[in-house]
């Protein structure tokens, strides 16, 4: 089917203008296949380039490989800036043995995760504003520990609050090429639902400090 | 290249004598591919048969798959009674990547090394006294790991502290025949490396023998 | 009509909805704060969230609070704050605008509340869609047997004889400047901390308390401890800047934790 790999590797240089000619593309594809196959985690093009002989074009090789695996039981998928091989989702039923029971996430954790994914980079105060309740430390810690979120750059606003963003591990888990491929992202943006719209005047939502004197104003609750 | 997997999965039953017709061979091959890929251990035909829909012929599917991967970067190999996928042996070199970094030795490390070279054998407490700051264990460990220093004899003083001496590797690296070849303060000054007059009562340099019982001559380190 | 209204409406609902509504009254803990409750209440209006009547919603919420009081349920402060705010909003919506009053109009406030509800609902839907996706380890799988792609890092350090001699000369002559040097007995410099950290961070694959990096013997004396902590913190930030470390602090005054980024490089 393919040329013999040994031949390809050790063949005399063809008529080339360079002494250090890169291996033929078919051979580069084999190399990418072997590295992606062997690694359970996604591999960046840069890492591939570092591993392959000088002059290789891993980007092109990955593209060839991706096409070759189309429709197979295993696929070549993009995860952020990296590439990985994953089984086709329609064959998940064969993999009962491999299923790893993941810790069940609380509703708060799932919502917090979604807010971070769709609004990133987002501060804790913004998450609280959207959910209307304070975010428990455990929730953020759990997501950080799972490596689904990480700290982003600090927001250049007073107090320079930290922001949260999702990670390549998150993308890999949910089979997303990038955070731009989140389902319904465009529609949500078009509907203005991803805007950080400041409340007119001040609102009691997500501003837990104001709860402090909630009990001191009982007359407010009478109509 | 391949037929569409969905097509294969959902295609109408061919003229069959059974109601529970096995999936087409191409689909069986996909299944075997996914299972072999995702399994952490080699998989037996019996195990494959147990996982796949009724009526499948895993032996034939494995054979098809093995042929398909001939010459690729990944191979289907038999391991005892079971089957597994492995990267092609000729590509093993891609799985290791050597990164050689050259870093400038830190100032603390150089100073510590210099003190050991000029005063050997010398204890850690003495090095700290000469440098005027504590010597981190990381610095000593680094020099030990580089094999530029090694442990000398224990000092015969209370606590029997270990001493450090330089190694032949060190001498070789710095082009010295022995540590006594190190230039003394006078020479350093003559070479323009020292702009300042010597501190009153400064030490004779390069006379490492005298440090032998350095613990008994604490004044050596007083200036 | 206000508080009765909600209960009449509830009576007309399906059993399922009624159960949900009862749960709402008996078990406030089941709701994640006032906004969550408002979102649930807004569903009884059976309209698109964009067409929701905030006035009606305010009425529903306030009757809920009334009812909770009747049942002598303890309501968390934030529920009461929301009630107060909605009572205020209701009055702004019902009364003609007071020209002497500054600030946003009732309609603006109502529109923002509607926006918040719609946004929360949208995020819940998005979360459900996300969790409904094919997931790694459940629907698709990575290579089961990591054959171990290795990265062998070899660091060679360079230093020449001149470095060595200059280093020694520096030490042997620094006492000339002694009068100008402050007493550093209790001072741990950032430079020292940095040097210490550089040697140690390679081993920090998991989150580790920053304080565990303080040098031996610097923990007890408060003056030394303070200096070492400050220097170690400054050095950590420098290493974060160099991309060699990650740093996190989950809360005010919580432990500051570090993790090496070396392996991901």
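The letters A, B and C name the chains in turn, as written, and every chain counts its residues from 1.
Basically, a contact is a pair of C-beta atoms (placed from the backbone, for glycine too) under 8 Å apart; a residue touches a chain by one contact, two chains touch by 3 or more.
Given the structure is predicted, the values throughout are model-derived calculations rather than measurements.
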Hopping only between chains that touch, the fewest steps from chain A to chain B number 1
Taking the mean of all protein C-alpha atoms as the centre, the chain whose own C-alpha mean lies closest is A
Chain centres computed over CA atoms; the one at greatest distance from chain A is chain B
Distance between the CA centroids of chain A and chain B (whole Å) is 28
Cα centroid separation, chain A vs chain C, in Å, comes to 19
Between chain B and chain C, the Cα-mean centres are separated in Å by 36
Where chain B touches two or more other chains at once, the residues are 34, 37-40, 87, 95, 97
Multi-partner residues in chain C (2 or more other chains touched) are 141-144, 147-149
The chain B residues in contact with chain C across the complex are 34, 37-41, 84, 86-87, 95-111, 113-115, 117-118, 130-134, 136-139, 141-142, 146, 174-176, 182-183, 185, 188, 193-194, 196-199, 202-203, 223
Chain B partner, complex, touching residues on chain C are 141-145, 147-176, 184, 189, 192, 195-196, 198-200, 215-217
Listed in rising order, chain B residues that touch chain A in their complex are 1-6, 9, 29-35, 37-40, 51-52, 67-68, 70-74, 85, 87-88, 90-91, 94-95, 97
Chain A partner, complex, touching residues on chain C are 32-36, 62, 65, 77-78, 80-85, 87-88, 90, 103-104, 108-109, 112-113, 115-116, 118-120, 122-127, 129-131, 133-144, 146-149, 246, 248, 250-251, 254
